[in-house]
Structures are given as C-alpha cells and as structure tokens.
Amino acid sequence: MPYTTSQLSDLQDITDVLHAYARAIDDNRPADVAALFTDDVVLDYGGDYTNLIGRPLAQKFFAGGTSRLYKRSAHHVSNVEIEFTGDDAANSIAYVNAWHEFNQEEFDVDMPNAWIYGRYIDELVRKDDTWLIAKRTFRAMGHDAWQSPCTYIDRS
Amino acid sequence: MPYTTSQLSDLQDITDVLHAYARAIDDNRPADVAALFTDDVVLDYGGDYTNLIGRPLAQKFFAGGTSRLYKRSAHHVSNVEIEFTGDDAANSIAYVNAWHEFNQEEFDVDMPNAWIYGRYIDELVRKDDTWLIAKRTFRAMGHDAWQSPCTYIDRS
Amino acid sequence: MPYTTSQLSDLQDITDVLHAYARAIDDNRPADVAALFTDDVVLDYGGDYTNLIGRPLAQKFFAGGTSRLYKRSAHHVSNVEIEFTGDDAANSIAYVNAWHEFNQEEFDVDMPNAWIYGRYIDELVRKDDTWLIAKRTFRAMGHDAWQSPCTYIDRS
C-alpha cells in the first residue's frame, strides 16, 4: 500500500480476532465470543433474524446455537481483506466456510450436516489496545443442506 | 527468511490481489477480475481449455462463468505461499476450495452443486505500484460432482 | 500485540511451514513432509493411533496415507493463530479442511470421498534459522463420510 510495521501488526491483530471468534464458536464458548465485540455491537445476520444489538444479546444468540442447536461446527475463515478507516478503526471482509452437525433431538425434521458459505463484513475499533468487532454483517454466498432462510450477497 | 517490512507489505498486497480476485468472481464482476491481470495475461486452466491470452479474452471467459453458468459461487482461498523473484516480481501458489451452484436452465443434464479443490499457480508483477497477475495456472487436486474434465497436479 | 518486524517475519515463516506441510502431503512427497519436523517430533493424531515419535516413523506414517490409501487429497489450511513462547519457540493452532479421495482397491468397503475438519495444534522450534514442527496434535471438529475413529476437540 505500502504498509508500515505498525499497520502490519494491526492487520495481524485484527485477523487474530476473526480467528478467535471462529475458535470460540466451535469450542462452544459463547462468553468468549461476546468478549470480541464492543458493548454496543450490532449483528446483522440477515435471513429471519432482526439485528441483534449489544454484547449480552449477542452472547445469548450464540449460546443458543453452539450449546443447543449445533452438536459440532467448524468455521473455516479465509480471504481476509482489511482496510483501515482511521488510526483505531478498520473494515474487514472475510470468507467463512461454516460446517455444522446438528443436535437432531432439537429438531422435528431430519437435519443433515450442512455447509454455509458466506462473508463476514465487519467494522472493528480499537479500545484500550484491543481490536473489537463493532458491527458484523453476515451475507451468504451459498449453502448445501442449510435449512434456514439466508440473505445473499448482491451479485451483479 | 527474514523478511523486511517492505517485503511483508508486498506479501500483504499480493495476498490481497488473490482475495480481490475471488471476491470479484463471486460477485459476478468480471471486469474487476480482469483488472487484476496484466494486459498480456496468460491463463492456463487445463481441462478442455486452451490457454487464454490477454485481458479482454480473460474477461469474456470469466463473464461466461459468473454471469451465465454459475448462479452462485464461493471461492475460498488459503495456503498462500509467495516467493519473490525480483523487486517487482513474485510467484505464488494458493489453494482454492471453489463451490458452485449452477444455473440449471443453461444445461441439458442435472447439475448438482459442485466443489473443485485446486491450486492457483501464479506469476505476478508490479506495474505502477500495483501487483497484477501476469500468468495463472490452475491445477485441480480433486472435486466432488464437478462435470468438466480437469487437469490435476502432479502427484509423485 | 504489537509485533516487531522480526516477529511478523517469523509469523510468515511459521505459516509457510504449515502450508508447505499441506502441499507436500497433497503432492505425495512424504520425505518433504518429514523434513518439516524435528528429529524427535511427536505426532498425536488421536483416534486409533498411538503417538508417533521421530522423523523416520512420521515419514513412514504419511507415506502410507499419501502413496497408498489416498488417491488424491486437498488440505485447506486456515485460521492460523501463532503465539511466541520464546525467541525460537512458538505454539500455533490452525484449522484444516482436509478432503480425501481414496484408492478404492485398498479397501474392502466402499470408500466415498470424505472431508475431515480439524485443528493442528503445534509446537514449533527454530533450528539453524528454520522453523520446524516439534509436536503436532490433531483434533477433529467434525467430518463427512470419514470412516476411521477420530478424537474430537473439547467442547464446553
């Protein structure tokens, strides 16, 4: 761009936030997921979901998935693109290939393992030397066997 | 290696080119795909394809896929390895896990969703401070439900 | 963290080791896989496997997979998180989405293509300016059509 050492370090730290999110989800540690968000985080997951606002609601939302609906999951994050929008602010877009095995007893219909392919479109801010997700928008690129409605990326 | 700050910055920029490619493909923006190539780019996709030479032909090729054959796609890029071959030249190898949903009305046979797993083997050059793909070779590692012939990597 | 240029360079080199591993596996080059390990490497793959100790045994283990059991494979590595534990030591966690096509003639049962989703939990050391894997633990997050027992990550 060229990037400075400080910026390269920030790119690494921000990427680490995205990876920590995936690992906490797949470990079923919803409190650790929520700790990666700002207090007033906004989560726009599309589909049938209204926006979720605030860390406590986010934690509750993720706990419902990771501890109840999903028996196992694997969130493979890649294609991380980051743009600084200020000294302590950045936007990122990352791909996720998210695989899920469901707790069948929670559902009335057969729930085969399912993949959803999408993008996390994030706004991040640095607070007290820590990068946090202030807004996350999820948009799907496609899926296999995913049973819920999803909001897709715009395609030209 | 060790890398200098300038080289680390270039590694980031080159990786960003690979990600911008995937995102433009999945967004169905073939002109933006072509903008990542040099004017005299060479694309060697193997399979039944002869090499495509030049940016206009590349754009036409990708437009045929993204706007006609594919209803949706998701190109997950990972395992990016980059080697500098000069101050303004580099080779890269990256993995892609490319998922496709097809526009069924374009085909006479049933076209299930398909994955192809492969490698982009690229030669990049810097022109006017921008890294561009000068040559791209795609070789498959495997696939699920992919209907076209593909050329595989060499396995010992 | 913030990272220094030297640390950012090391992060790149360590990540390159993880990618070189995947590429050597998928190329069926088990000697090149083993060259990424220390002489006294410990491999804990879980499942039915006891720990494998030492580079020669590691090479034999991987050769059995890549040259006999697997016809093709694709090891997509992502979510690389690295923590330095000394000047010449680091721990890493990485995700892998590992796809396999089997040599059907080696099996008495039908072996469909299979995915396994897991984590490489590694200890790396620098020897003579080269980062090597001293210990690798593999734990599964899930799978589709994988026929062997696997040891899963702990989920809360």
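Labels for the chains are A, B and C, by order of writing; each one numbers its residues from 1.
Note that in this section contacts are C-beta pairs under 8 Å (C-beta built on N, C-alpha and C of every residue); 3 or more make two chains touch, one makes a residue touch a chain.
The structure presented is a predicted model; accordingly, all values stated were derived computationally and were not measured.
Superposition on CA atoms relates chain A and chain B by a rotation of 120 degrees, given as a multiple of 5.
Homomeric contact chain A/chain C is classed as different-residue, with under half of its interface positions used by both copies. In this assembly, the C-alpha centroid of chain A lies 25 Å from the C-alpha centroid of chain C. Under the contact definition stated at the top, the residues of chain B that touch 2 or more other chains are 5, 8, 76, 78, 97. Partner chain C is touched in their complex by these residues of chain B: 1-5, 8, 11, 76, 78-81, 93, 95, 97, 115, 117-118, 141-142, 144, 152-156.
Every residue of chain B that touches chain A in the complex is listed here, in rising order: 5-6, 8-10, 12-13, 16, 19-20, 22-23, 26-29, 67, 72-78, 97, 99, 101, 113.
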